[in-house]
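Below, chain A partners chain B and then partners chain C, in two separate complexes.
On to the complex of A and B.
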């Protein structure tokens, strides 16, 4: 039956190309949308993923990094010093800020940090680390979007900063990151000695639960959250808004792909009704005929699947080339759900033709 | 059932519809066919030939009566058992050949063997032997559209024979063939019956098939009627029961029989043009 399925498919190459293209387009769209969603996940958690941090300490009631403005009580950093098991404490000033670039107001996510302690960019594409308070490291996509390069000056809240570095992996669809020294950030916010967050790491070999208990005893009226919780809170706040429509689009792409394949297989089946009728008349069982249409649908969906993944990869690269702020991440662990989707598409598409074949009356072969 | 019979039809009735719309297509028909016998069933359109053929082939269930093929009573069988009976015991030959257009000659025949569960290699081997016996050794890799009508019908015969069935059911096997290929097909069917001892039941309007038939049955209004003297309508070529001919005409001392007044009028307008036609 596999041979007949192949012969039937290749007899009408136009229909074959059309059906493979339909599946490939749907799969490409599904993979691309999922890749885009994964990209948003990566972008939203990029800072905490690339900065060594086990706990984030923030103002009471602020439970995420990117969603709100946090100011810790001035004594918090001093109180945190010397807690057994804590290795590093990185104080940062972080919040959204407006940059004045070529008379255009641009939103960016400002991170004020101490280069000697950490909390700054984790990958520099060009330039160097900050030395002075009037220097800035800009996300490279933001720089490119606005025609900025190392050595140019930009204005933030009426203060001039010279671009000394371009950071990589710090762009996002919401706002790109920029980095200045913590003292400079305090001055911009007119809040000397201010700290938004303390990023803490545990010493290797220490029990994190015990450290966290000690932190809670020492630091009052603040939030002490594991970095995973903060990341999840950021994702819940910023990504889920997009996740629902994106998942809906994925479902629509699946339905459209299944419908296209289903219609093509169905019309192909109907157009061969007399041949299938002959097969039934001469003794072919329904299960053998089902297997024939299922094999045809699966062959198309498997080829469409491979082609769709390739198309998605090409389209993803093209999107990132043209719009670098959009990250498309194609993960290998998304491959299994994609394969299941493609096979599901094939099986779904074979349902209607199979139903048609089950109702096909073999006695029709004698009626003209 | 006669112990020798391949197929036994006992008081079979087939009704379609119910109440005021009920139509009885086949009425109380009985028939026995022995191995090697060629039975030709003739009759006008709408006489129930196709319904009878479909029931003989296990494609349609009778409303009443029994149909037995060998030891198997088709009427007692579950729907799911019938495909196997058709596959193992019955070979079908259709008027339109009904070959699978995507498959070569060899694969068209091999596929039916493969349906029984044997491997593709084995089924192709069987099909090749059979096709070579039928003189199609040079056409094994041809697709159906590359074959002549006669070749297509020989492929269809090979397909019908590949599982060595007890009975061949042929529906108008010569209708789409010219006289040469029609005769060739008839000869083949007779050979199959006589040499391989398979029963052949043919439904046809073609008078020429009478030449190879051991028995000719006349089906009319769903019943077998006595085979009376038959004549051929010289205009349309249809077989006419001379006792019930709707129209007749005398021309140059010979009586001609017609299926309808239209044919009679057409004939009388230019008799010679029809008498020159070789209906054979």
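On to the complex of A and C.
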């Protein structure tokens, strides 16, 4: 039966190509849009993903990194020093800031850090670490978008900074990261000795729950949150409202895409009605008809799905090449529902006309 | 020929349903995603546009609110008030922060306004009161619905509790919402100097132009920038679009291209499916131009029916989605509809004509053999 299914399918190669192309197009869209959505989630948590810490300490009421402005009470860092089990304490000044680039206002996420302690860029594409207060490491996408290179100067809140490094994996659909020294950030915000967040790491082998309890006893009137919670808060806050239309787009693409897939396979099956009639006329049983239809639908669905995923990957790479601030992430977890639904829809769409045909007399099939 | 195209198209109801169904689904895909994008751009600058202000005065160099920080003083406000053509000046304090509710956190513009001043606060409410006192807050309906917050409930800003006394409408967009507290509460929350304000909202006298009054305010005080409401909202819209809407744009383009591809494939298949009928047409002496006319007319009819069906579904979505998912707007725009229809007509027409050209070159008997 498999041989017959294949021969029958390849009898009209062009029609087969059209069916597979249609399926591949709809699947490509579903996978690509899902990839955009996943990319957005990855970008939101990029800083904490790449600056692995156990706790984030912030101003009371501020429970995320990217959502609001945090200023810790002045003594917080001193109080945190010496708590048993705490290995590293990284103080940073971080908040959104508007950069003046070629007379254009550009929003960036400023991180003021101490290069000797950490909290800065995790991947330098070019240039070097910061030495002075008037130096800046800019996200490379931001630099490229605005025609900036190492050695150029840019203005932030009326202060001039020289670009000494370009960081990688620090761009985002919302705002790109840029890094300056912590003292420079304090000066920019007219807040000497200010710290927005303390990023803390536990010593290996120590019980994190006990350390957290000690932190809570020592540090009053601040938020002490595990890094995972802060990441989730950022996702909830920034992606939740924004992702609604985005998720709707993905859902619509999914619903319409699978409907298109079903319709294509339904059409392909109906267009072979007379051939299935011949099968019945020469004594083929209904089970053989179903088997033939299922195999053909499976082949179109599977090849179309594979091609669609490949197309989505190529389109994603092209989008990231042309617009590097967007990230398209294709994950197997996200692909699975599309694959399962696609194959299910394909089989259903093929079996529906087959069931109808099986109930007809072969001669009836030709008359239709 | 058009009548022939129509009759031939509707000869087989299953075929027309499948052919038009495919086109309708492709159009639905393109139009629905475009309508979601258009909907997501609604209300981006609602606070600025609905504020009633003719001019916004900010710190020198600050041209918008989103992710911006502006600090000016009461003396800057007084200087602005002295400019010719100014009717009223109202101060506001502004920051972007989190409104904590029992259900979760919501990112919001926090506006601190003086209830005694004519501008700065919400202009209309759909529930509760506009009269706000200390420790009270007015939030937007979309937040109230999504977070299940009602009048009298308590929310938190910067760790301080506020009682919800009013609900506005239309002040939530895809990136954030707008919440209002008193200027005094805002100053207490941030521990700000009471002399510092973020923006001044200016109402001008009749017969004065916002642009010229704004220019005069800026000329009188080098520490501030005064922009007409139109310029200020343009800057705000641009920054939000650059930050957030671009990704939706890219997704829209992806949906558009794939939708076009599916339209082209469907109309191409439809023509190919009818090759024997077109062969009959040639056999009885129809010229190629007649064949092309029939093919294009059938593609056009399919697109028209598909468009009507797709629009029907989108209007239905426009009613259902906002009710089911707060914060989602489906806005079918004339430009979006025109763009999708025109592109589909061109690509679909060409796709239908490609097999017609091949059929036209063949002997009628060949068509049946193929």
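Operating definition for what follows: the second predicted complex is superposed on the first by the 300 of 368 C-alpha atoms of A that agree within 3 Å, B and C clash if a C-alpha of one lies under 4 Å from a C-alpha of the other, contacts with A are read in each partner's own complex, and residues count from 1 in each chain.
Methods note: a contact is a pair of C-beta atoms (placed from the backbone, for glycine too) under 8 Å apart; a residue touches a chain by one contact, two chains touch by 3 or more.
All figures in this text were calculated on a predicted structure; none of them were measured in a lab.
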First, second, both or neither for A:63, with chain B first and chain C second: second
First, second, both or neither for A:36, with chain B first and chain C second: second
First (chain B), second (chain C), both or neither touched by A:231: neither
First (chain B), second (chain C), both or neither touched by A:181: neither
Dominant toucher of chain A (residue count), chain B or chain C: C
Partner chain(s) touched by A:7 [first = chain B, second = chain C, both, neither]: first
Contacts of A:282 with chain B and chain C, given as first, second, both or neither: first
Partner chain in contact with A:246 - chain B first, chain C second, else both or neither: second
Residue numbers on chain A that touch chain C, as the complex places them: 14-15, 18, 21-22, 25-26, 28-29, 32-33, 36, 40, 59-64, 67-69, 96-98, 100, 105-107, 158, 173-175, 233, 236-238, 240-242, 244-246, 248-249, 252-253, 256-257, 259-260, 263-264, 266-267, 270-271, 315, 319, 323, 325-326
Contacting residues of chain B [partner chain A, same complex]: 50, 53-54, 57, 59-60, 80, 83-88, 90-92, 94-96, 98, 100-103, 107, 111-112, 114-116, 120, 159, 163, 171
Sites on chain C touched by chain A in the complex: 14, 18, 21-22, 25-26, 28-29, 32-33, 36-37, 39-40, 61-64, 66-69, 95-98, 100, 104-107, 156-160, 172, 174-177, 235, 239, 242-244, 246-248, 250-252, 254-255, 258, 261-262, 265-266, 268-269, 272-273, 321, 325, 327-328
Partner chain B, residues of chain A touching it in the complex: 1, 3-4, 7-8, 10-11, 274-275, 278-285, 288, 361-363, 365-368
